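Take this structure, written in structure tokens, and hold onto it; I'll ask about it next.
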Amino acid sequence: MRIGVLTGGSDCPGLNAALRAIVRKGVQSYGDSVVGFLDGWDGVLHDRALELDIPAVRGTLPRGGTILGSSRTDPLTAPDGPRRIAETLRNRGVDGLIVIGGINTLTAAAVLADRHGVPCVGVPKTIDNDIHGTDYTVGFNTAVTVATETIDRLHTTAESHKRVLVVEVMGRSSGWIAVHAGLAGGANCVLVPEFPFDLDRVCGHVESRFQATYSPIVVVSDSALPASGEVDLTGLSGIGEWLGREIERCTGHEARTTVLGHIQRGGTPTPYDRWLATRFGLHAVDAVHEGDWGAMVAVHGASVERVRLADAVSRGKRVDASLYADNEIFFG
Amino acid sequence: MRIGVLTGGSDCPGLNAALRAIVRKGVQSYGDSVVGFLDGWDGVLHDRALELDIPAVRGTLPRGGTILGSSRTDPLTAPDGPRRIAETLRNRGVDGLIVIGGINTLTAAAVLADRHGVPCVGVPKTIDNDIHGTDYTVGFNTAVTVATETIDRLHTTAESHKRVLVVEVMGRSSGWIAVHAGLAGGANCVLVPEFPFDLDRVCGHVESRFQATYSPIVVVSDSALPASGEVDLTGLSGIGEWLGREIERCTGHEARTTVLGHIQRGGTPTPYDRWLATRFGLHAVDAVHEGDWGAMVAVHGASVERVRLADAVSRGKRVDASLYADNEIFFG
Amino acid sequence: MRIGVLTGGSDCPGLNAALRAIVRKGVQSYGDSVVGFLDGWDGVLHDRALELDIPAVRGTLPRGGTILGSSRTDPLTAPDGPRRIAETLRNRGVDGLIVIGGINTLTAAAVLADRHGVPCVGVPKTIDNDIHGTDYTVGFNTAVTVATETIDRLHTTAESHKRVLVVEVMGRSSGWIAVHAGLAGGANCVLVPEFPFDLDRVCGHVESRFQATYSPIVVVSDSALPASGEVDLTGLSGIGEWLGREIERCTGHEARTTVLGHIQRGGTPTPYDRWLATRFGLHAVDAVHEGDWGAMVAVHGASVERVRLADAVSRGKRVDASLYADNEIFFG
Amino acid sequence: MRIGVLTGGSDCPGLNAALRAIVRKGVQSYGDSVVGFLDGWDGVLHDRALELDIPAVRGTLPRGGTILGSSRTDPLTAPDGPRRIAETLRNRGVDGLIVIGGINTLTAAAVLADRHGVPCVGVPKTIDNDIHGTDYTVGFNTAVTVATETIDRLHTTAESHKRVLVVEVMGRSSGWIAVHAGLAGGANCVLVPEFPFDLDRVCGHVESRFQATYSPIVVVSDSALPASGEVDLTGLSGIGEWLGREIERCTGHEARTTVLGHIQRGGTPTPYDRWLATRFGLHAVDAVHEGDWGAMVAVHGASVERVRLADAVSRGKRVDASLYADNEIFFG
């Protein structure tokens, strides 16, 4: 068979590991050839691609980013998009397309597969971990690890100076990185979009932490909001900076905000992400050979299985109350 | 309530994180007191213990090892063991005992709970990951991470010199560390006790790797064996050194063996292990309050649930053929 | 003898390693006792201190921050400061005071020693590395390592997306972290306060990098300025954000700024910083026993020697043209 | 000009960083061309080489090993070696040869430059740090960092179990890695070849450490020996294993030996090693353009300068008594 593959959306660690696994499995186990489209869906729309053989993916396992490039191009809103996608695949002789992406990229794959007959199989990747039907997505473990290491480093400043330390982590409409890194890093308060926060309670945790021991560390998702509603972020870098100022105002303690930003999605993937990406890649090739279009590979415990793309992207996966309650035990 | 806790067997990263979570949850959420027995079951047999309040566990989240100490003492073989265990707990006013351990420590807990009426709840920890009923055990993720980082480092030597590099990793009767670190580290051959190996095939992978690119890296569990049966390890550090010599003999290529040893179980736990240990600790306290004796906390996907200790320790969890087949795709 | 010690200024990795060495050397080699003043000069002014014996410093070698706390209190501007300092030391029976600090803290020590007869010996620490007479200061190597690891992570985003990545690192009036981390991290442009930058040339490097390969990474000290003079940072987090906007304006490429902030001064010290801090601590105790007041320990190559505090703090140490020229070879 | 370059001896982190710097400086600043000989002196003897332009070295800065390969071939003992070396360089039009290597590789360069008129400039690299005239060699800082991280990990096992932990580190006839990593890692005894050890004193340190706190960690160079003379290592992996057995015998405590081996020379270089290798590479190109044959680049403090190759290799650089005495303060 001839397999196509693309990586869409923001880059994250583990994409190259998945590409390498697809090529090794396709070429060695099945005798396939593999073509990689450049810059996500954009490369399929405009027929920009390169052949991926085994030497092309050698040495890429520990490397972050994606050798194919990426983009946020949406083939569903591009003029005549689905037809052009199908045409490129036909012209290239592609029998099945493995789409590695987050919720937007995979939503397009679901629609193309289910409504336009495009032979797609999905691989979920996003540091946000907000995709249903899989325990984890590729890139999430690395992002949590980077965020936790940062919180570890801030503890020593917290011990030595009297300052509230606010850490803003990523999480587009979900708080997965915040709750995991907050729990693992020993944060004294964790704020996520799923549970709008009460500023007075946050300040209460800050005060009680100061009383019990040393300076508090507050972790906040960049999409978290107070229960009182929208806030004006004009002239601010984001909710983290806003929160730092409000905490200063209501507690009188100096606050410093660190915005983690892009370093959460860069660098070498953790061993878990390499393992997950590799196994996802291997099993996606099996799905192509079974013609299981519209499927997404997913991890359940230690097993890689399949779910339907359409279900996985039907709504965002959110932090539930029970997990958040586990975080709250360590507040203050 | 009054909660007892012990850590048994070999130390591993995440034990302190579990202890901290037990104390925080017990004291803050339930108003419990917590007593920690020293050196595993030995501390219960001889009534050696210390009170664990919140200051006692402060700052321990990122620290490996266990502040309680550990031992391999088996209360079932100790003279009059079960009675002495029960007596210490009664004298100390302990309502429930949280037993953090590997397969031997938890087997004792299962027998004491089910046959002797000792109120035990189990928390699975071992770098070997060989306990049934849970996707992962505390310490495994860290061990895989250390092993993978070592393999990463060896790749550069493999690229610069013509030598077979053999890495011996831990795995008492199971190959979990080997298959995970081997896959994540890009090993060219992975040998585990579940699948006795054929030396000629190993040498074949070594040769084909040399032909395709640069020097091969072979990962071997310290309990792996050739299909031809037992080997004589007299005067050798272990199977890794034996394998290196045999590969030299049959391929003519120089081989160097690295034995990872204790560094796999030391140091700061990874964020995943801290998260897992913390959630296990929290949920074990709930189990105590529900009087769910003979239960073990377990992780299934992203959820912490409960299984029966007796089932979990009834037999070792082994690497299955499907996971090993995923490794084999990258051999040679 | 009785030795006093304090840590002043911002915290940085290695302070505890120095304290531990002072206690070990003083107590074991000389039979001294050691008293640690809390929160820098503030603790001497107000006579707040704790006894430091060997158990008090056990386990602190790898821990960032300072167990003594720190402050920016200046004893020279405090009312009747020098007299109160001398009085506390006399009342406590302190024969010599080891002052661990950056340029402000050590300037006070120099004045107190040279003009007021206070028996001070200095140990240079600051992530900024801006103290004369020593090759390096405690904390600098760790800060460079953290900054370089961040740049490493950003390279993968640079490879996958078309964006200018700006990294703002610390450096109060000197560019040491920027030039070291920029060189080690493979930055495509490095801007430091010693050499005011020309925005057009920066944009030229950005363009030529895009043409040659993938997205550029620009490292900027938080005290760097354009040659055209002061800039208006109202509503901006700092020069990094300003630079990102200007690059967007003049090149048309999207830019993202990461502000490293406090994580550069937190966490476990690198082995080099532990080694340096330990040797500085040991040799400072020797200086006390020789009554070498007004001396500062310093590293020259692999040797620890002594210089005069007054010389060391007489002016800031700056990046010279030859070192900056080495960076420039990799611009664009 | 036309510059040749080779990397000889064992691989170590930072070689690629040096090659990249040589190419960037030569091509960009001087308009040179660069040819890289394969596998050390072997590639010059047999005229095996590849052109090194800027794309050839792109992305290699953080990668360990050497893209040129290496060998221990000695051109002075090869038949008609010096003449063949000169001939290859002449045929290739090479004006100057940059030799990156340890003591053996650089000894050959010194002889070829001084006695045979071969235009050589040296760059010192070796994890052993045993080359005179330079504070540090490329690769040493990374080796110390890896060794220290390992000792850090073993501390948690030492805290949890009653066992003597012996760590064998590299150091061919010098103890630099041992004294640096031992000091930075908080070892309780450090044994180096420069100071033959007394087993009874070692066992005394072991006992006193057990009494004071928890289990001791003993760091030993693989070339260290007891003062009593040679030992029989038949059937043992090395001096570390021998020492573990002797400590068990004389103290009765269980001992475990970890042999670090090749991981000390693999993996990504630390920021310091990248900085050093880069600056060495840049300055070596200057030396070539000045025709300073027989020179070696060297670091003195923060400056890169030049010394004579012949002096640098005239004898090994050894750990001196003062540095070792600093280690001894922490024994026991």
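Couple of notes before you dig in:
By written order: A, B, C and D. Residues from 1 in each chain.
Basically, contacts are C-beta pairs under 8 Å (C-beta built on N, C-alpha and C of every residue); 3 or more make two chains touch, one makes a residue touch a chain.
As the structure is a prediction and not an experimental result, all values here were calculated from the model.
The chain pair from A-C, A-B or C-D that repeats the B-D interface, sharing more than half of its contact pairs by residue number, is A-C. One finds 41 Å separating the Cα centroids of chain B and chain C. Chain A and chain B, compared by their mean Cα positions, are separated by 29 Å.
In this assembly, the C-alpha centroid of chain A lies 35 Å from the C-alpha centroid of chain C. The multi-chain contact residues of chain A, meaning those touching 2 or more other chains, are 149, 152. Every pair of chains that touch is listed here: A-B, A-C, B-D, C-D.
Of all residues in chain A, those touching chain B in their complex are 21, 24-25, 28-29, 54, 58, 61-62, 135-136, 141, 144-145, 148-149, 152, 180-181, 183-186, 212-213, 268, 270-272, 274-275, 278-279, 282, 299-302, 323, 326, 329-330.
Interface of chain C with chain A (complex): residues 10-11, 13, 15, 63-66, 69-70, 146, 149-150, 152-157, 159-161, 165, 235, 237, 241, 256, 258-259, 261-263, 265-267.
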